[in-house]
Amino acid sequence: MQNVNQKESTKDIRSRLLKEQRQLMWLKLRTNRSLMIGIVILTLMVLIAIFAPVLAPSDPYAMKVTERLTLPSPEHFLGTDGFGRDLLSRVMYGARVSMTVGLAVSALSSIFGLAIGLYASYFKPLDHIFMRICDGLIAIPGILLAIALMAALGASIWNVVIALTVVFTPSIARVVRSSAIVVREQAYIEAVYIQGAGHLRILWLNIAPNVLSPLLIQATFVFASAILSEAALSFLGAGIPAPEPSWGNILQESKLVIHKAWWVAVMPGIMLILSVLSLNLLGDGLRDFFDPHTKKR
Amino acid sequence: GGKDESSSTMDVAAAPTYKDTLNIAITAQPPTLDGALTSSEVSLTISGNLFEQLYTMNMDYEPTPELAESYTVSDDGLVYTFNLRQGVKFHNGKLMTADDVVSSMNRWLEVSSRGKSLLGGSVFEKVDDFTVTMTVPEPTSDVLTIISTRTFFPVIMPKEVIEAATPEGVQEYIGTGPYKFQEWKQDQYIHLVKYDDYTMIDSKPSAYSGRKEAATPNLYFYVVSDHSTRIAGVKTGEYDVCESVPLENYEDLMNDQNVTLYSQPSGSMNAFLNIKEGVLSDVKMRQAILAALNMDEIMLASFSDKELFTLAPGYMNVNQPQWAVNSGAEYYNQKNPDKAKKLASEAGYTGETIKLLTTPDYQEMYTATLVVQEQLRQAGFTAEVLSLDFPSFMKARVDFSQWDLFITSNGYQIIPPMHLVLNPTWAGFDVPEVATAVAAMRGAADNETARKAWSDLQQFMYEFGSSTAIGHYNDAMATSSNVSNFVFFDLPIYWNAVVSE
Amino acid sequence: MKSNMKQNEKTPLLNVKNLKVQFETDRGRVTAVDNVSFSVNPGEIVGIVGESGCGKSVMSQTILRLLEHTDPVIYDGQVMFRDIDILKMNLKDLHTLRGNDIAVIFQDPLTSLNPVYTVANQIEEVLILHKSMKKKQALSRTIELLELTGIPDPARCANQYPHELSGGMQQRVMIAMALACEPKLLIADEPTTALDVTIQAQILELIVDLNKKLGMAVLFISHDLGVVTKICDSVRVMYLGQIVEETSTEVLFTQPLHPYTIGLIRSIPRMEGERGKELYVIKGTVPSLFNVPEGCHFCTRCEWADQKCFTQEPPLTETGFDDHRVKCWHFREIACLDKGVGGRNE
Amino acid sequence: MIVYISKRLLSLIPVLFVVSIVIFLIVHITPGSPAATLLGMEATPEEIEILNDQMGFNRPIHIQYFSWVSNVLKGDLGDSIFMKQPVSVAIKEHFPPTLSLAILAQIIAVFIAIPFGILAAHKRGTVFDSTLMILALLGMAIPGFLLGLFLMLIFSVQLGWLPVAGYRSLDMGIWTHLRYMILPALSLGMVQAALITRMTRSSMLDVLYNNFIKTARAKGLKEQIVLLKHALKNAGLPILTVLGQSFGTLVTGAVVVESLFNIPGMGQLVLNSITRRDIAVIQGVVLFITLIYVAVNLIVDLMYGLIDPRVRLDRK
Amino acid sequence: MSEPILQVKSLQKKFPIYGSMGRLGGAVAYVHAVNDVSFNLYEGQTYGLVGESGSGKTTVGRTILGLNGSDGGKVLYQGTNLMALDSKEFRLYRRDLQLVFQDPFSSLNPRKRVGSLLEEPLIIHKIGDVKERQEKVFAILETVGLQPEHYFRFPHEFSGGQRQRIGLARALIMNPKIVICDEPVSALDVSIQAQILNLLKRIQRELKLTMIFITHDISVVRHISNRIGVMYLGHIVEDALTDDLIATPRHPYTKALFSAIPDFSKGSNMKQRTILKGEIPSNTMKISGCPFSLRCPLATERCNVEQPLMREIAPQHFTACHFAE
């Protein structure tokens, strides 16, 4: 009888508790100031990127060479660049490349880094192979590796993504490995082993969630670095091919005219700094959010 | 500042003291100083101080004797006899004789692409210690002009140096010029010092000819590839000379009291269309492209200031009356997208991608390509930019499946046959009409006939749509205003320049 | 083994009066030590017991104001050392007091020693600071001190790093460091919790020994009733930041009156008597500091609790004999019942 | 110790192997050949082919690799076709500027970062702390070239205090050298400083909550001594790790700043060599940089032992 | 008495210590963590293992569970020698042998809700469908005295005692035959400790569990076990029924251990105690004589050279001492 009651209420309890849990998480999210600021700025950037065709006041590729390098005016809110193209539109469209590169590189290198790091932490022979390769790749200066890869692959946005993924994966793999090694030794991992869990379960369901927060922090760092690296690559002429605007491209072009038209550099610079800043905030926020020791309710 | 600053007034008052070093900011490290191997301007600017040739150019583009004293031509026009100057010493102290000239010039004929293509089959022979002959396979009117040129610099070096040369070039830089080679700090600077035993020609300096004083004992050519850095450097006096002023800074520097600007038409920017493969192999399509282009915009975007370029359909130096012709003007700078659309649809164009090959290593070529892309887009074409670094660009250029159009800026040549636009290996322009026209030009009895032949050829090129001139650009240089006696001819001339303290 | 030095009762060495320690946290202010008063006389060993989180460490560290450097802490009340109030002292005087007149040893000796300096370096530091000794002199004194704590090869030990020593050794080093300036008062915060029973016995003996030899008063903090009753003259039992019972060891052992104390004593498994019976259990768990019950803090877990207990906080009341004070409304009834929790019956 | 070092050096072999293969592959799948660059814009494809043949770039790739490796093992990094000098000489010439830049940048970073990091940790939660951390975040977010450009515009062009760019070697006087180096070092160092400040702060915070800090205070030590003697040395390992890593990246990652300030360093060398397809140089330099990176990290690991006696190098 | 359910026969375990060459150079020495340990475990009974830190108690437990291999000896579970199985085969026995960890904080995955933590073994062994599993989890939560709403909480939201209950629930959910409890109450406060001990006893009674109970606290082990083994330096030095051992410890180490306990019930007089001199010596060398000889107040020359063997000194009371009687 008791049991019947129990069974009936189980469902209710479960859904009630789940709801409560969701509310709690939401509260925890909302009260996490740096996370919220980071998310808001980032969402804005992503929205700008997605809706650039709608938002942009004019065609970012349309040139009016006679109106090159004009000061900000009602017609061109941020002025024009060396081809007489509308800078505001270009900065907005630039968000597409920069955001794509940032998100894709951080996502891809996190996935690969996670897999490599996990397996390396768990299987000794793999560890030696993977880590020597990672050491080797880390030792090659990242930007040079990227430049060489770009030279080999040719300039395109996906090649930038590939090149930067190659550059950033090893360090993520190292971070994951070093935390995974610590986690692997924890008693709770031994506990699932004792219960007869196989390697896959241990690796992906028990170790992986516990290296998530260093991974996330690292991934946000990679996001920021990827945007900056794309900028640096563009600066060195190995980034996204023109006329596709990216913040890096615009900055690179601005360098030529900075004595004459400082405003060309300002907006992409601000966007770049803002997005990197928001990512750092997001990273800090995520760390707080995933840290069981902060502000538990 | 201004470009015609006269310096002589300054010297009058008190004998000014001059610095013993001239610091020159150059844009890139030259690949080599071996003139026979390269057309690189940076290389020539430097090697011009080290080496001399038999004949050279004066202000009016006339061959003027330098290491030779005089020459005679046989009646059939096949044998040229050069009398060499006597007592000229190489930087290693050795006396220059016919042996050195013969081996230098024969090597030049063999390795330089200019020598091969225009004087192929010619040979130099020694007559006596100070007389050499040059035998050409067929008579042409431009032999002396060709050996007076600076691109693929036919320099005279000691025989031993020539013999020790490898395919990559000579091992030592030993010439007869007013400066000798001192040090090459890779990627930093090249240092030249005054050659004390230089045997001067005592005639009025005129372009590359005449008196060369080595007035400042040390020349430092600093490699400063970053534009803003080079400009900032000349503004602050870090460098006395800044080669190749970034165009965006031209206006800014005009207003700077401390800086003197020099500007000089130095070449034409040309678009080459792929006549061999792809969408543009159809002449109608090529005409459609020509119709779409707006040269004003391209040139303005690429060279930034109206002062810095000229629009003209010719490929040759606009200041050279002999070759500056206007034929084909109706095809040039048409700014007619509607016509382009019409032509394209007649040619059956259905939106195939037109591949524009370029390299970001040359800013103006790159910029021009971007503008062309946009203009083609406006005219309803699908155009895509393929941007490669320079070595890859060079490789892609010879693969006709990889591009449909590319733009290069080409320095001026003395005579049309030297121009790349006629070179079949450059962009695949190997139709028989060209060879015929070139032969007619070179074999022409007088200047007028030659000019006519060239004019016809230029007309043919526009009609055929193998290429188009986009415009003529000036090269701008800046010196700090206390530099005087500096001359900016085709290339900057430093040997008489001085810097006051 | 007791020091039995109760002669100086008039002038306590340390007199804590109505001490209240609060922390400013993200979720508001919490009171970790609530209105605590007690005194330590010269030469006396006073014990403080209580479960984890009841505020023992906070209280002991407040005596030297060690918390304010790292935590947002608010004090109220007085901590009189002889006749100066430590809480009102300026930092300079405090620096001369710390380690000199009052010394501390902490629960975990390994984490309490700086891992990157040698033992000698860390002990000398105190001597050089407070006794203005020269380096050489300090070293020989260090070795003496180490010898005093019964370390077998003091000269060698002095040159070792903390991690090279065993736990017992480390705790001896801590004690040597604490003794360096012959303090009047030693605060020992769970000094043996991290140690094995046999080693624990050695350290306890050492402390009692030093107390006797040097006449140094000891404030001994522990959660182990067994340990406290072994070496202390008098004991205070803490619960949720308050002292709930205060008496001599003897009385606590024979006649505990607070339901919490009784519960604690009864839940220890015995070495005597019938084996395997259900142990006594204090129901519930210690409430969090954020939701301390009104009235008596123990009311939620107390068998005796009635309406009054839930609303009114009982005072710390004299039971009438033997310096015994209890913070409970019902202690008289409990006394009458005389369950004799000492462990002899049941 | 010696065993440890030799073990580390031994483990270098696979790393170098990986690096050399990666680099070799990358260089060789990159289109364009050195001959094209060498011959200039007007060269014909045949000329380029001939020169490539003569220089041996048309041999099968594995043969090229093995001949390169065997030369390297003999201590010969090959010659730069472009610079007409042995690669080892090229490295010798280009390394000092980069080294000097890296050291200066590191010094700047350390002198800014460590004191600020300690202070921020000490004053945790105050306005000072949060301002500093926001600045540090900004510092990390600003691309190095932007910072460099602005520094150059302000200090050289506007104020004229410092030379715009270029490099003067140390033998031209330390002062001259420094005048040329200070701006690039600043633009490189600021970013590092931001990173190190944050690192110092967080590792100081980790340490400051330790029991032994409480012990040190309980001894009556003054706050400065507690911070500088007891806390800093313990916080040293993570800081040192970051320093080591960042030094590694400084030596190698100064590409952008070097190109902006026209410093003929390793970054420029590789960059130029890539555009020139100067294969021997690319391979040699990357190999050298890898060695440097490993050496720096070896030194860092050795220093661990000096700072923290618990770190036994010869045991994992 | 019937056949033992688990027989441990001269179990050995040593851990290598590597020298400066790391694994390459081979082990330079061994920690002899477990030396020749034998005991029997009978169904429904509790065997207590006591000893100082480092005496090898945990290692015995872990070795039985096949967590670190063994260097000799047998563990016979229902006639099968577990030590001879490879890890795949061992997995079949995992449901029968479970472990409760000492540290309730590190042994629960901080990122898993209690529910999924407890469900995991059921999923591993493919038991039941989602519903059935959930029911099972709710049931076991009730068994160990937790509330249904705890199902959705994360471990860090629990107190130490509650966490230990979760650990216990995890061990019990597969209905194991044998549970090894490695100091399950050492990290807990006395009042909580009592709760857990009561719970353990109750569950053992209800589920007919067999337990090995590892602890260093003699009063606890007395409370809970039927039989006690005293360990010192990897050896079992005394093994007897609980009451027997407490009443008449025979081995000098056992005696010293007992007297060192500051037992509250023995009153406030520190009676005459044998405080052992020195500390547990390093176990990297294999001691030729009696392992306790270095600290033993009674040690003679003989103790230093001849290792005492386990002998049955009284019925069911075994001691390894030359002089015990």
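Read from first to last, the chains carry the letters A, B, C, D and E; within each, the first residue is number 1.
Everything that follows uses one rule, which is that a residue touches a chain if its C-beta (ideal position, glycine included) is under 8 Å from a C-beta of that chain, and two chains touch if they have at least 3 such contacts.
Every value quoted in this text rests on a predicted model; they were computed, and no experiment measured them.
**Q** Sort out for me whether A-B or A-E is joined by the greater number of C-beta contact pairs.
**A** Higher contact count goes to A-E.
**Q** Find the chain most remote from chain E, comparing centres computed as mean CA coordinates.
**A** It is B.
**Q** How far is the middle of chain C from the middle of chain E, if each middle is the mean of its Cα atoms, in Å?
**A** It comes to 32 Å between the two C-alpha centres.
**Q** Quick check: how many Å separate the C-alpha centres of chain C and chain D?
**A** 53
**Q** Measuring from the mean C-alpha position of chain B to the mean C-alpha position of chain C, what distance in angstrom results?
**A** Result: the chain centres lie 92 Å from each other.
**Q** In chain A, what residues contact two or more other chains?
**A** If we look for residues of chain A contacting two or more partner chains, we find 151, 255, 258.
**Q** Listing for chain B: what residues touch at least two other chains?
**A** Only 228, 361, 388-389, 392 qualify.
**Q** On chain C, where are the residues touching two or more other chains?
**A** none
**Q** If you look only at chain A, which of its residues touch chain B in the complex?
**A** Residues 61-63, 65-66, 68, 82-84, 151, 154-155, 237-238, 241-243, 255-260 of chain A touch chain B in their complex.
**Q** Where on chain D is chain B touching in the complex?
**A** 30-34, 36-48, 50-51, 54-55, 80-85, 90, 93-94, 149, 152-153, 156-157, 160, 163-167, 259-262, 264, 268-269, 272, 274-277
**Q** Which stretch or stretches of chain C touch chain D in the complex?
**A** Spelled out, the residues of chain C in touch with chain D are 61, 64, 66, 69-70, 72, 94-100, 103-104, 106, 108, 111-117, 125-126, 129-130, 161, 163, 174, 177.
**Q** Which residues, counting only chain C, touch chain E once they are in their complex?
**A** Touching chain E: residues 1, 51-52, 152, 166, 168-169, 196-202, 204-205, 223-227, 229-231, 249-250, 253, 263-265, 267-273, 275-276, 278-282, 285-286, 342-343 of chain C.
**Q** Would you tell me which residues of chain D are touching chain C in their complex?
**A** 125, 208-223, 230, 233-234, 236, 307-310
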